[in-house]
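Below are structures written as structure tokens.
In the two assemblies presented below, subunit A is common to both, partnered first by subunit B and then by subunit C.
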Partner chain A sequence: MSAEAVRETIARWQRGGLLVAAVGVGLCALAATVRLDTLLESYLLGFLFWWMVSIGCLGVLLVYYLSGGRWGLAARPFLECGAMTMPLAALAFVPIALQMDRIYPWAAESEHTVASADASPAEMTSDAGHHIPPDVQRLYLNVEFAQARAVGYFVLWVLLVLAFCLRARRGPRRPRGRRRLAAVALALMILTCTFASIDWGMSLDPGWFSTIYGALIAMGGALAGLAITTAAAASLQSRTPSGTQLVVPPTLADLGTLTMAFLMLWAYFAFSQFLIIYAGNLPEENVWYITRLQGGWQWFGLAAIVGGFVVPFGLLLSRDLKHNPRWLAGVALLVFGMQFVYLAWTILPSFRPGEILVRWTDVVAPLALGGLWTALFASLLARRVPEPQPTTEDS
Partner chain B sequence: MAQSGKNLKHGSTRQQPLVGDYTFGSVTDKISAIVLRGRTPRNWYFGFAVAFLLVMVLLWSVGYLFLRGVGIWGINMPVAWGFAIVNFVWWIGIGHAGTLISAILLLLRQQWRTSINRFAEAMTLFAVACAGLFPLLHLGRPEYFYYLVPYPATTGMWPQFRSPLMWDFFAVATYATVSLFFWYVGLIPDLATLRDRAKRRFSRIAYGFLAMGWRGSARHWQRYQRAYLLLAGLATPLVVSVHTIVSLDFAVSIIPGWHTTVFPPYFVAGAIYSGFAMVLTIAIPLRAVYGLQDLVTARHLDNMAKVMLASGLVVAYGYLIEAFIAWYSGNLFERYMMLNRAFGEYGWCYWLLIASNIVVPQLLWFRSVRHSVPLLFVIALVINVGMWLERFIIVVVSLSRDFLPSSWGLYVPTFWDWATFIGTIGLFAALLFVFIRLLPMISIFEMRELLEESKGEHS
Partner chain C sequence: MADAQLYGLLAEFRDPEALVDGARRVREAGYRRFDAFSPMPIEGLAEAIGFTRTRMPLVVLIGGLIGAVAGYLLQYWVSVIAYPLNVGGRPLNSWPYFIPVTFETTVLVAALFGVLGMLALNGLPRPHHPLFAVEQFAHATRDGFFLCIETADARFAGDETRRLLVEAGATEVFDVPA
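Showing the complex of A and B:
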């Protein structure tokens, strides 16, 4: 009886995801015929977000392998399913890899910058515009090498997913004897994730640089992955009939607490970057924030601060809320959604500085990818989600 | 079922127990005897004598400093922050492990913190004391340090709140206060134990005075637990905030090598790294001298080594990303900064730093290394040196080469720089020697709790 309610919910997620994906892909196909460049911008945003979620799930899973803890027992099936969407992210990257010259200034301006190779150092450093250092472009930011790197990243990540999600499927316990492997895997993952975020996100503004950027993206991904895990676990829990439980309630509260911890870390990274660049006020750095704090974009930033940090942080302080699956699922979804808003705030102004300009594809393309992601996630989850158990007293 | 429950708790059955074969009585005897009954080991006298000698060196060099001013140090323009700031950051970083162990691991319900938290907290206090000296001495006119306090002065002087140096004052003062309370509150039940067990009248009065009338009633315990958890909650953000603000001292400026966005988390990781290295540096000799191998067990050392490895990898990430972005930015000054770090006048420091902070600690991946006490001790010492070098490179190398070649200059530490630094090591050691002689270095009642819990686990 009770297992059916859970299965039915998961099946509904799958159907809903497929429906959204079908409509979204259709609309994107339409947009592609009209304005391919705009669609690609929106698509990049969608790709980056869902890739962050997948890699975030993998990262949190590896952290669990290292640290252990009660929270992981509940989270593991969800994290595994989230990480196993990695091949989807790899596929979704193909259009970006093929259209790099339409997206990235460094891929388009290959001839333009050769002329500035002999620019004086003063020009190179004082101009905040798209001055791509010639040697960086020759050795790092070029299409061939960027594509090769992307292949390398995805091969590694898919291998990690195979190693950590497929083999150790059975049993509620943390598989033993893989801690050292998990440590190496986590180190490699953070490193590749850093360079991937430089390649795919930071390089949208060549000449702009921030050493915390990769860590911030990785942290955002971990937060989004944990938030969707918490949301999924809590909403399934809220749908199990009374007298049974999918997740032991304190464990669910632990997930809420961990989400709050990640939220604080993410906000700490994001604020550090802002404060240091603000205080330094160097033209080559502050231009990135100036673009994002003008012409209406500032409202995105404000929404990300208030809705993405202040409100969920305040709510997650409450112990009652963390014990209420419905509320917890709601707050986790808020955190998840606001990570998207934050990412949109960091990505879109690179394409459209000045006036705020949000196109309908900015919503549709990420939704289409999200529909696919959700459908895949749900179909994997249907096979892994544990059976609801009768409620025990000691929980 | 019980078996699987145990596995869940500890992850692996291969791990040794956290505490040896003790009863409530014997564990209390063992720890309190170090203070009350055991003969003070000859090593203690020797160690304290050396440390005391170094404290005299500190007093001598500080006295001379007051007489002559900061000109006795190697600082100059452009390198206006020399050893004083290097040592400040180094000492304050060391303190962080104590707070992490006592507060964060408490909130995370990590039982292995229990036998190491007391002396780690003491280490925090003494390290903060050493750290706090340096900015004051560096002021040149330390008698005016109270200008940092925002009080309604008739002079109309008001601190510059936009300066992180100002935030530092508050951060460090808060840190010292909370750490002191946390440590003292944790000590109260043990002070009462010492009071009850002391034979001499003076000891009874002294420990009784400090125990503040603790009788161990249920109400006392309930209030104690609440206060302790509250203090742990207060101390937790300090693990991050203090070193973040220290990093902002550098990062909000625009000096290449200082102004970089990764500094806050990278400094915090570095602080934990050096702090755990220092905890090991202290714990290993202590357990050998006082025969505490079954209280500070191989598993404690193993766990600390793992934390050290993890935080060391974060630090390595910081070095890597700093170097990569310096190149990636194409910024002339950033690139020059990296080249100068590696191949300039102080290049040897950089390579020594890489060797001691990144290369050597990779040995900790191996279980056999983590279980070899002498090797662990050597690695901890190497990391202590490495983290000091890191701060030296950040402070001195960056300042020595800023934007204008006409204002470049080198820094050479003088005798007085070294004397002051070594003097604070003496101060730290002397305080530590006094602490282990007069107070229980391991929390007695928490060990009893741990015994009770591990007993339940085995049944």
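Showing the complex of A and C:
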């Protein structure tokens, strides 16, 4: 009967996700007819976030295959389902790939300056002091190459999902071979993830660069992926009164501890990017933070830090909280949600420097994609979760 | 032998499972002042003894907070009061710079409080313990599994306690002189 409650909950997630997606997609279609450019900004934010979640789930799963550990036994089905949403992310990228010239300044530039072959020197200096001439930058940042790269990334990620979420599960148990493959896969994934973050996020300000940007995005994705996994596992566990074998209770607390460790690592990445730029104080670097620390955006950032790090960090210190599935699910959802707020703080000011401006589509478009993601995640989970988890496997 | 001259009764068990089971039965019988000894950590033993939580997290938290405040104040004092330097026009209290060191001192003092607090709460260092008088107890570091009920326990009652230990699965019961 408790298995019924679990299945019913997952079915409710699926229905809820589809409902949100239907309403959200409808509203987005409406917005597209009014202001397509604004919608695309919001849509990019939504795409980036849910892609981060998918790739983050895959990354954490690979880390588990590499390191082993009891925590992974309970987390594995959830991480697999999260990673298996990758085709959705690939599909969701199509509108961005087709509308790059409306989103990215470098794509828009190439449209008209390619015609007037040699770039004027005025254009070079106008771009807030970056030292790479636009025509050199364009060798990498051009629409065709960016589209081709995106195809390459998604092919690789989908292959990894196939290898680790479908084959590894069914295949013969050769833990050592799988471990080696996971090491290679993780290296490839982090490399492509860095390039993808630069292509899709960092290039919104073509003159600005940060070497930790890709790692920060990957880390944020891993944190969000682990947080949603923990939240899903904890809330399902809280619905099985007799403490059945869905999630072994000590493992659930371990997931809370791991979420905290990821949270600290993410905060470390995010802070070191800021500290290094603050210390250097070079005009081509600090402009990114200056945009984000004035005109009201600073409160947005402060909220992301307080709600996304200070509060959950303080709460996750408590051992009692981590042993209470309901509370743990709540805190994990907070971490998850605030990761979105932080991402919005890094993305939106690129489009809207100056006074803070948040449009309704900034919430609706990510929610629409999130509804689809949740519905897919739940439908995958429904097939995977009821399998009883043996408590003594693993290395 | 009068109870007054005893520290307690030490019972030896055959294996870890027997020890966990014995500890559970002793606790169910109402005893509270007893402890178990084994050469390695045993899953479930802490729960069986009724050892649920310690004050260690609080000790470490206090240490961490002291470290954080002291670390920040040290830097503040150096950079703002004792030796103010204009570095690239930044404010003297440039807090982003202070965060890494503040973090380090937080961890340092928390860890020191952790080690020292653990020793203090365990009553260590302690060169001698009444249990050492029992020759057999040396096996606790190799292959012996022991449980000791102290006479200080409110329920302690000589032969009755001894009988309980035997019923709980002890292979042998020793008197521990005070």
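In the analysis below, the second predicted complex is superposed on the first by the 351 of 395 C-alpha atoms of A that agree within 3 Å, B and C clash if a C-alpha of one lies under 4 Å from a C-alpha of the other, contacts with A are read in each partner's own complex, and residues count from 1 in each chain.
Criterion: a contact is a pair of C-beta atoms (placed from the backbone, for glycine too) under 8 Å apart; a residue touches a chain by one contact, two chains touch by 3 or more.
What you are looking at is a predicted structure, and each value in this text was computed from that prediction instead of being measured.
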| item | value |
| --- | --- |
| Contacts of A:Ala5 with subunit B and subunit C, given as first, second, both or neither | neither |
| Dominant contact partner of subunit A by residue count, subunit C or subunit B | B |
| Subunit B versus subunit C as contact partner of A:Ala187, first or second or both or neither | first |
| Partner chain in contact with A:Phe209 - subunit B first, subunit C second, else both or neither | first |
| First, second, both or neither for A:Leu275, with subunit B first and subunit C second | both |
| Partner chain in contact with A:Val358 - subunit B first, subunit C second, else both or neither | neither |
| First, second, both or neither for A:Leu317, with subunit B first and subunit C second | second |
| Partner chain(s) touched by A:Ala108 [first = subunit B, second = subunit C, both, neither] | neither |
| Residues of subunit A at both interfaces, subunit B in one complex, subunit C in the other | 275, 279, 281 |
| Parts of subunit C lying in touch with subunit A, wherever the complex brings them together | 53, 57, 61, 88, 90, 96-97, 99-100 |
| Complex interface listing, subunit A residues touching subunit B | 68, 70, 73, 121, 124-125, 131-133, 135-136, 140, 173-174, 176-177, 179-180, 183, 187, 190-191, 194, 198, 207, 209-215, 268-269, 272-273, 275-277, 279-282, 284 |
| In the complex, subunit A residues that touch subunit C | 271, 274-275, 278-279, 281, 317, 319 |
| Subunit B residues within the subunit A interface of the complex | 4, 7-8, 11-12, 240, 244, 248, 251-254, 259-265, 309-310, 313, 317-318, 320-322, 325, 327-333, 365 |
